[in-house]
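Have a look at these structures, which come just after this line.
Both complexes shown next keep subunit A, but they swap its partner, so subunit B is in the first and subunit C is in the second.
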Partner chain A sequence: MTDARRRRTGEALGFWLLLAPSLLLLVLVFARTVAGVVRMSFNGWTPPSFYVEDVVLDHYVRLATDPLIREAAFNTVVLAFQAALTSVVLAYVMTLIVWLRPKRFRLTVIGLMLCPLLASEISIIFGWWLVLPRNGLLSYMLVGSGLVSEKINLLYTEFAAFLGLVYAILPYSFFILLSVMDRQDRLLIEASADLGASPLSTFREVVLPLTWRGVVLAFSQALIWAFGIYATPSALGPDTLWTMGQRIQEEMIGRANWPLASAIAVAMIAAIALLLVVMRTVEPKERTA
Partner chain B sequence: MRRSGDITARLLWAAGLLVLGVVSVYVALPVAIAFVMSFSGGQILRFPIQSWSLRWYADFFGSPQYVDALVNTLVIALGATVLSVAAGTASAWAISRRKNLATGALTLLHMLPLFVPGVVLGLGIAITFGNVRLFGMDLYGTRFIVMLAHSLWGMPLVMMLMETTFRSLDRQVLEASRDLGAGPFTTFREIVLPEVRTAILSSALFSFVVSVNEFYMALFLTTRDTQTLPVLMWLSLRSAGSPRLAVAAVVLMTIVLVSLVLLASGLRRKERVRG
Partner chain C sequence: MPINSRFTRRSILKHTAQATALLAAPAILGRASLAGAQDSFAGESLIVVSWSGNHEQSFRESVVEPFNEKYGTKVETVGGWDQMIAQIKAAPADNPPFDLTIADEYTTSLGLAENVFLKTDRSGIKGFEAVSPWFDAHRGAARDYGVPFGGGSLWMVASRSSGIGAGSWKGFWDERAKGKTTMDAAAFYWDLCVPAILSDRKPGIDEVFDSPAEVEALFAELDKLQMAKWYSDGAELANILIQETAEIAMVYSADARGFMKEFGETHEIAIPAEGTASYTNWFMKVRGTRHPELSDLFLSYLLEKETQQRFLDNSTDFLSRTDLTPPAHWPDYPTTEEAIAKTFNLFSLKGWDAFGANWDALNDRMKQTIATTSRG
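Now for the complex of A and B:
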C-alpha cells in the first residue's frame, strides 16, 4: 500500500518536474507579458515619460474614437480577410492537384511551398522590391515583351500589399489543407464517377464536404497569421495603408506612448480570441468515410 | 453524358494546372530574384543587370555591422532551439504518458503563445522586462531575452511534434523495459530516445528556422548591439536598398538550407545505422 502510494507520488513529482521548464516559460514570460500588456493599457500617459501609473480608460476610449486607429483596424481586417480567402482558394486548388496526382506533383509542389515558409518575411519584402517598382523586373519584362508600352509601377499600391500578404500566409493554408486532404480516400472519387456523377458534382457532393473542416481550419489560421503581419503591407503598400501592428510600432517606438500601444495590443488579442471562439462553434465535426 | 463529363474534367484539370503554374512562378519569383540580384555588380537595383560580381558578398562580410547581426541571429537561434527542444520535449513526454482532461488543458496552455502575434509579444516583453535586472545585468536588449521570446513559439511547435511522436511509441516495450528493472531515465535514454531521434531533430530544425527568420519580437527587444539580421535588413530597407540586402537575404536562406541539409544527412546516418 505504502509502496504503491510512494510510486504514485513519485510519478506525480516526475510529471510536474518534466513540465516545469515549459510551465516556467509560460508563466514567467508569457503570462507575465500578457498581464503586463493588459495592466499597461490602463496606465496614464504624460509625455515625455512612457507612462504614468494610473487606472484610466482613456486609451480604450481613443481606441473606439480615434479615426486613425479605426482606419488601421478596418484596413487590417479587410486585408486579412481578402488574403486569407485568396490563400485558401489557391492552396485548395494546389492541394487538390497534389492529392489527385501525387507521383507527378507532390514533391515539387511541397518543395515550392517551403520557399515562403522558410524565407524570412523581410527577405521576401526585398524580393518584391526588386519585382514591383517602375525599374523592377515585372515592368522590364512587360515592356521588353511589348505587352505594355510604358514602364509600370506596382510598388506602394494596395495590390502589392495584398500580393505580399497572400504570399506570407499561403504555405500555412497549403500545409493544413494537405494534411486534411491526405487523410481522404482517393477511391471515393472513382466510385462517384462510376456511379455517373460529373466531376463538378463529385467535387461538390464528395470532395468538398470531406475537406470542409480543413478549409475552415486553414482559413482561421491564415486569418490569425495575417492579423499579426504588418511589415509586408507597410513596406509594399501605400503610405496611407496603416495596419494595427504598424500602429502599435508607431505608438510604442515612434511616439513612446506605451499605454496606447498596449491598448491596441489588447484589442488584437481580443479579436483573435473572438475569432477562435467563433471558429470553434462553426467548425464542423470531422467526417470520415 | 459520360463524354461531356470527360470534357469538363479536362477543362477543370487544365484550369487547375494553370493556377498551379501561376502560383509556382509567384512563389519562386521573389526568392529567385533576390538570389540573382546578389551577384549584381551595379550600385543600384534595376533591370537588366549590367554586370556580375561578388563585390556585394565581400561588402557584406566586410561590414562589421552585418557580420555582428549575422552572429546575433545564429546565437539567438541556437539558444532558442536548445530552450525550445529541452522544455518542449520534457512536457511532451510528461503529457503523452497520461490522457485526461488536465493534459488537454495543459496542451492548450502550451499552444497559447502561437496565437498571439509577434508584435504583441514583442511589445509586451519589452514593457514587462524593460527594467528587469538579472545577475546585475539589464535583461532588456540582451540576446537572452530574445531567445526566451523566440522559445515562446519554438517550444509549442516542439511540444506538438514530440507529443504525437511519443504517443505513437509502443507502450508494451516501455512497460517491458520497466518490468526488467530499468528506471525511467534508462528507459528514456535506451528505448525512447533512439526511436524519436528523427522527431527531435526535425523539431529542433523547426524552432531554429522560426527564430532565424523571426522579425517582430526581435525588432522590439534588440538594441544596436544585439539586433538580428532581419531587423537590420528592415531598418536599412528604406534608407539603402542596395544589393547588399540581396546578399543578406541569400545568407538567411543559406542558413536555413544548410540546416535542412544537416538534418537530412543526420536522418540518413540513422537509417544506415539501423539497416
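Now for the complex of A and C:
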C-alpha cells in the first residue's frame, strides 16, 4: 500500500469513526421511530382499537380521495410556503443590517431573535391572544395613533395564522443566514463600490450570489418548521383553516386512528424529503470570497 | 412434661418465626388493611390521572393532598384528556406511566378494547353502598372495572349584559345571540347533544346515536347558529369570553367552576332547565401497576363521603354518592335518583358504540356546519 493510499484509508476511517456516534443515535432514535410510523400506516383499523396488525393500503387511498384531507394539505402547503418565504426575506434584511452594523447593535438583534426560542409555542400563542383581538393591544394602539377610527380584530384570521408562523420560524432563518453572511468578507462591498458599482448592483452581483446558498438552506429549514407547526395556525387562524398537523392530532388523539394519522405523517415526511432533494439540486456550490 | 422440654431451642425459634409472620401478615398479605394503612403505605408513591385544567386543580386540592396528609403517601395527580390509553399502550406492560386513570365512557370503551384496565374487586372497596345506582345502570359489563367517582356535564354560560340568561339552551338560537355564540369544534358530539336535548323526537340525547341521515336534523339546527368562534379548548374559550368575542357559550363542568370564579359577576353559569348531556368519571386501575394495594386504598378514599363533599364544594362536577349536601355555588344540585336521571342524560357506552360507527361521516358533516356558521 502506498503512503498516499494509506493516508486516504486513515482519513476515511477517521471520518467514519467521528460520524459513528451521531449516526448510531440517528438510527436508534429517529430511523427506528420513522420505520415504526411507516409500518403503522399500513395497519388496519377497527374502532375503538388503535390499530389492527395487517398490511393494507386503505389509509393511503383515503389520503388521495378524502376531500377534507386534500383541503388540509392545500392549506398547509400554501401557508407554509408563504410563511417560509416571508421569514427568509425578513431574516435576510435583518441579517444584512446586523452584518453591516457595529457589534453593539449585532448583540441586541441576536438577543431579540433568541427571544421566541426561549418561550414555548403555547406561551407565544397566549401573547398573540392579547395583541391581536378587537380589544387587544394592537387594536388600541392603532386607534390611539389615529391610523384607524374603529377597533379592529385580527385574531382568528388567516393573517394571524400567517403572522404567528412567521414569528415562530423567523429565528431559524435568521441564524442560518447570519452564519453564512459572517463567512463573507465585507471588504468586497467596498471593492465593488470602488469599482463604481451602485449599492443595488453590489447587492445583486456580489452579496446575493455569495449568500444564495444560505437563502436556500434557510428557506428549506423554515419550510420544514412551518409544515410541522400545528398549534399556532389552529389557535390564531379561522375555524376553517384545517391543516395536516391538526388532522394528525385529530386522528391520533381524538379518533384513535393511529394508522391514518401515521399515513398522513408519512406523506408529510415524504413531501419534505422530496422538497429537500429538489432544494439540493437548485442549491449552488459554495462560493466564498 | 418437664419444663425444659417445653422450651427447646428449636421450639423457641419456631414460635418466634410464627409470631413474626403473624405480626407481619397485614403488611405482607393484606397491606390494604385500612386500619393499619397509615403505616403500611407511608412514603409510597402513586400517579393518578385527572382531567387537565380546573378539574385537576380541584382534584389535587380536595382529594390528593388530604389523602397524602392522612396516609403519609406521595400520591400525585397529572392532567390528561384523550391520550391516557395511548400512553398506557405505548409503555411497557409491566411499567405503566400511571397507576390509576380517570375514564369517561369514551376512554373506558377504548381502554377495554385495548385491555389496559384491571378488574375491581368491589368487596375490597368501601363505599359502594352509598353510590347512586344510576352509575351502574348504563354500564353493562364495564361495571366490573373501576370506581365511579362522579361525572361531568355541559353547562351554559351567558353574559348578563346579553339579557339571554343560562336558563335554557334555546338561548343559543335567540336573535340577540347571533354572531355571539361559541361551542366546541373538536368534541362536536357534545354540540349535537344541545339540539337533541331540545328536540322532542326521542328522549334525552338519544337522537345523537341515530344514523347520519337522522342526525342531519340536529346539524340543521346547528346550521341556524352564527358562531363568533368554534373553540378548540378551555383556554381558547376563556380568551373568547375575556375578549367579549362571544357572550353565550357551552362549557364543560370540569371548567365551569373556574369560570364561575373568573366570570361569575358578569356571566350567568348554570345547567339549563331542560337538563344536560353528561359523562361519568370512573377511576380505573391500570394493568401492570406496581402499587395495587395503595390503588385500592385510594379508590376507597374516592368513595368516602368527606372526600366527595370536599370535591363537590370545589367543583361543578356531580359526584356518585347521593348523601351529599348541595354546595353554595350549586344550590339545585340533584341529590335524588329521579333528579339525577332527569338532569343528566348520559352519553353511554352503548351510545358510543352507535356514534362511533358513524363518526367519520358525522365529523365530515360537522366541518360543513363549522364552515357555514363560523364568523371566526
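Here is the rule we use: the second predicted complex is superposed on the first by the 258 of 289 C-alpha atoms of A that agree within 3 Å, B and C clash if a C-alpha of one lies under 4 Å from a C-alpha of the other, contacts with A are read in each partner's own complex, and residues count from 1 in each chain.
Note that in this section a contact is a pair of C-beta atoms (placed from the backbone, for glycine too) under 8 Å apart; a residue touches a chain by one contact, two chains touch by 3 or more.
What you see is a predicted model; the values in this text were computed from it and never measured.
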Subunit A as common anchor, with subunit B and subunit C clashing or fitting: clash
Give one of first, second, both or neither to describe whether A:68 is in contact with subunit B, with subunit C, with both, or with none. second
Using the touch definition from the top, say if A:15 reaches subunit B (first), subunit C (second), both or neither. first
Which partner does A:127 reach: the first (subunit B), the second (subunit C), both, or neither? first
In the overlay, answer first, second, both or neither for which of subunit B and subunit C A:235 touches. both
Check the residue A:44 against both partner chains and state whether it touches subunit B (first), subunit C (second), both, or neither. neither
When the two structures are overlaid on chain A, which partner does A:135 contact: first (subunit B), second (subunit C), both, or neither? both
For A:109, decide between first (touching subunit B), second (touching subunit C), both and neither. first
Which partner, subunit B or subunit C, touches the larger number of subunit A residues? B
Please identify the positions on subunit A that touch both subunit B and subunit C, taking each partner from its own complex. 126, 129, 135-136, 235, 252-253
The residues of subunit A that touch subunit C in their complex are 47-50, 68, 126, 129, 133-136, 153, 155-156, 234-235, 238-240, 242, 250, 252-256
Under the touch definition given earlier, write down the residues of subunit B that touch subunit A in their complex. 1, 4-5, 8-9, 12, 16-17, 19-20, 23-24, 26-31, 33-34, 37, 45-48, 83, 86-88, 90-91, 93-95, 97-98, 106, 109-110, 112-113, 115-121, 123-128, 148-149, 151-152, 155, 159, 184, 209, 212-213, 215-216, 219-220, 229-230, 233-234, 237-238, 241, 245-246, 248-249, 252-253, 256-257, 260
Touching residues of subunit A toward subunit B in the complex: what are they? 14-16, 18-23, 25-26, 29-30, 32-37, 40, 90, 93-94, 96-97, 105, 109, 112-113, 115-116, 118-131, 135-137, 140, 163, 167, 170, 193, 196, 198-200, 224, 227-231, 235, 245, 248-249, 252-253, 258, 261-262, 265, 268-269, 272, 276
Quick check: in the complex, which residue numbers of subunit C touch subunit A? 81-83, 85-86, 89, 109-110, 113-114, 185-187, 227, 229-230, 232, 235-236, 239, 243-245, 352, 356-357, 359, 363-364, 367, 370-371, 374, 376
